[in-house]
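The following blocks contain the structures, represented as structure tokens.
Both complexes shown next keep chain A, but they swap its partner, so chain B is in the first and chain C is in the second.
On to the complex of A and B.
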């Protein structure tokens, strides 16, 4: 094998290249069973049946598949169906939250990558920090703040923000935790902005300073060098970041339960969670999970492509 | 947004690149500084306040009320170490995190090495499968495991084993990303040199590659620990009852109900463990890569963060 090493570019013989596959085997078997087969279990239950005790009977053989629950799930999410309102609400909440994340996150990532100067190290650490504080704990902190006697409620009341929000119809009453859509949306923004800022920071940080210098040297006034150079160059980072935060929001049920708990603000994640953990509708829940995955698959693959392209760039 | 550059033109303090001066348009726009620091305060202050409340003397969970450690260690049955339910949650979280760390790291390392080198039939799909858990919404992931353990693998069933398996499955992809990043950094040169000098393949892996990967391995261990201890959805779906409740599950269940600072104390302890793991990971990585090109550690940790949506 010694002399074989120099023959193939990269220093490995074809035989060795295959042997490396053995290294990947344990991990692949694990992921095959607990990720791929697990998802197949969702399909088999969603396209299966239930027994007399309402327990799901999965149909593992595709030839046996029964589309009844899937049809029921599809019928429930089209206009007029029982989950239509939830779907519309989820889309509105998620879109509003990612726009909010963009408006807050872009200036912050931009500052951290280009203007933080000697504070850069500290700013980056402080931006990473929320990422590693348990999401549940960050929401929990807000349940204390927004309780009727909490500091947050008091400050918002002192600034008359609650009456302002009430007067424009965004808040019903003064209890921020009492089933308010606006609280759920703000909580989603609060929860997911850190996940948006980091990839965007990385992509802004990669923009070559010389390109911006060139734009300015060629006479672009600062506004055009931002709109015509920096912003277009950061678009892949924006897209990847928005996808990265929209995906978990689409399956989020805990933000809603903690910050509101009311059916009037429930999202698609709550519906699936109720079906699966609630009791007799597990098969319908599985069918809804299949639908959600199909809708999200495009976005998941899009993000994976950008991730792998970045890894490729690092390798090259 | 068009106000950014106008501000930039108005002020003229040099920023970021001190040596640069051509009638400098690179100055720091003040409103960006303002937004960033307001954002940082907004993102961290609520958590700091929740931690402060854990040290309250009184029973209020919404207001600061004296100083004490009684919600941690008090001999009443309401403190973290006095209430068996809270103490069990902490122990269970640590148990899951420890096991997940010890299983996911070796599996992930081997997978990363394999995927990096393996060229042949199946390596393309294998790459996708190894990264897909990073972008799969946790709910979809958890529903899959839940249905797997209640149907096909009902012999294992729900409970601690299932929870460990779930945590290993989602954190393995993070290990793969970390270790592959390191493999790219160290490159194939040293290994090839060892092989050319006659080292048998296993010796190359054991005596050359693994020591080179050591910083990534240390970072992986601790990051898996942190991911596992923070996890909520998978733990909840695969739990089998009160004795398999983790800290985030306790917080979730009682956040809107039991109004005692002991819950804050529990959350504070969990955060302490997470941050300890991360500071250790960072420190070990820096120590082991000392002398290498600067700036790699924080960038590595940052790139791990951007790898997934948890």
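On to the complex of A and C.
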């Protein structure tokens, strides 16, 4: 290298750092090509213009960027805007779905990490099993199960679950695939709950058994040791899981397309998809994508900040 | 409209290209695989079909993603955009003799492409209402405005279809409102249609898709806006065992309803232009067109020799669906979706995305 070795904090020389840096290179190149460049293209289209045939002209030079479509996108998602209803619906669906994922996923992760005993290996395999089949294929399976003459619908009907849902206003009629919001929410929970369970499982698994024993020794009954020790210590896992499922849900559109297909259950991802696949509003679609990304980035940063604060507390 | 030629057509004296992959861009399930296989064997190429869901999607991918195909299936309303973007190449009529020999005279030099400079017709269709007469009791023909049958089908909420095509969907709403100009650019008329679609969404909650050729026979859809070919395609290929074709019914607006045809074109980017011409010609051979129609697609080719009435009499196609074929008279009297002005396109698209957002 021809340079003198410089002592750096952490005990690594500059040269050693470079060598270790090489290991990260393939990942960085990959991310650069398929995320940074692609996302830059989205920005260039969203902040670009269109030609006379309403096809987008990307502006690659940031100095040329034009915020017209972004302004249009923002105007469409505020109250009274064209996409306000979609935004409200998406937020309701996603919130309900992540609460559902929490209620279903936590007990599973808890059991798997603390009480599965000799079945633990099997339980972990079962948790990973859904990843063997693609998300879309799993949704397709449900479109058959929930069809009016499908086994799923028949079982739900035999158990009177459809009439129960109908009577409390969650289901309109008995056709699960007939443009029902509840079906989309259930499908979202079903599709994403494995992504919630795994990080939570890892986090619960890391809790030192001795801490729990200490709680018991100090006289805490099981519910109290759960509330005051285990639950707080698993918070980072819960948060990681929720972020991991909420982010993709926010951009999801094929769950809605497959399970409902009706405009009355459109989510924000569908709207973006319509803009981009359809006619002359591709630039607006790209601007909506930028907007959505900014909102999600905000949540991501919040998550990272709380994570760092918690780690700081643990270290202290 | 006579479209400009931006380049010379390929010369008829050139030798056909050999080997490799022959690429077609089309709707899904819109070409009989056996017919394609036979063509591949004949020309010594591997035929590969890539599919799109809507012609809007197809145009946007062709013009922005630079996809390269040999043959593109499309609709006349897309034509001037496709030509304007130089995505098509002009045809050499010497290489498609079957156009003059076998195709209805009305479409040999159609108004949307005078002189057939870029296109040959593929199949003809009407747009109407299809329903399961064993599950829903309607009679559009008995109504003053037949389209109301769909608006009235409140008992079928969620089991209805609206075509995922802004022109068809909003166009139907215009006809339901008694507004016959399907190519209007007037924002007021488009907004009236949008209001009618919103009412439809409220009352019968349709799925916005184009797969009723499969979902109607399966009973997941009981009534919807359909293309005529969907009924026959459904009857030919998608009926579950034990369900007779007679459970499906079809209605279309005979006067002023949408009647049109799809088109086959040769892509400007084609690396096999001679084979592409031969493909267009092949699809217009009477026997090939017949096999494609009756054994798979259900959309009817505008072939002089094809006697649709005979197909129903002989039981090759179900008699109950005899109104799903397009007669030459109906075609001549039909109402079509044409290319909109740029402002018109924008207005239709705005209304459509508003509707899609729920």
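Here is the rule we go by: the second predicted complex is superposed on the first by the 268 of 316 C-alpha atoms of A that agree within 3 Å, B and C clash if a C-alpha of one lies under 4 Å from a C-alpha of the other, contacts with A are read in each partner's own complex, and residues count from 1 in each chain.
In this text, a residue touches a chain if its C-beta (ideal position, glycine included) is under 8 Å from a C-beta of that chain, and two chains touch if they have at least 3 such contacts.
Not measured: the values here are computed from a predicted model.
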{"item": "First (chain B), second (chain C), both or neither touched by A:137", "value": "first"}
{"item": "Which superposed partner A:262 touches (first chain B, second chain C, both, neither)", "value": "second"}
{"item": "Which of chain B and chain C A:56 touches, first, second, both or neither", "value": "both"}
{"item": "Which superposed partner A:274 touches (first chain B, second chain C, both, neither)", "value": "second"}
{"item": "Touching partner for A:149 - first (chain B), second (chain C), both, neither", "value": "both"}
{"item": "When both partners are placed on the shared chain, which of chain B and chain C touches more of chain A", "value": "B"}
{"item": "Touched partner set for A:65, first chain B, second chain C, both or neither", "value": "neither"}
{"item": "First, second, both or neither for A:86, with chain B first and chain C second", "value": "second"}
{"item": "Touched partner set for A:177, first chain B, second chain C, both or neither", "value": "both"}
{"item": "Doubly contacted chain A residues - partners chain C and chain B", "value": "56, 147, 149, 177, 261, 276-277, 282"}
{"item": "Chain C contact footprint on chain A (complex, rising order)", "value": "52-56, 82-83, 85-86, 89, 147-149, 172-173, 175, 177-180, 260-266, 270-271, 274-282"}
{"item": "Residues of chain C touching chain A in the complex", "value": "53-54, 56-57, 60, 63-64, 81, 84-85, 157-159, 166, 201, 205-209, 218-220, 342, 345-346, 348-350, 352-358"}
{"item": "Of chain A, residues touching chain B in the complex", "value": "1-2, 5, 10-12, 16-28, 30-32, 34-39, 41-42, 44-45, 56, 58, 60, 104, 107-108, 110-112, 114-117, 121, 123-145, 147, 149-152, 177, 190, 193-195, 198-199, 201-202, 209, 216, 221-223, 225-227, 244-245, 247-248, 250-254, 257-258, 261, 269, 272-273, 276-277, 282, 285-286, 289, 292-293, 296, 300, 303-304, 307-308, 311, 314-315"}
{"item": "Chain B - residues contacting chain A, complex", "value": "1-2, 4-6, 8-9, 15-17, 25, 28-29, 32-33, 35-36, 39-40, 42-44, 46-47, 49-50, 53, 61-63, 107-108, 110-111, 113-120, 122-123, 126-141, 143-148, 150-152, 165-166, 168-169, 172, 176, 180-181, 184, 188, 191-192, 195-196, 198, 201, 226, 229-230, 232-233, 237, 247-248, 251-252, 255-256, 263-264, 267, 270-271, 274-275, 278, 298, 301-303, 305-307, 309-310"}
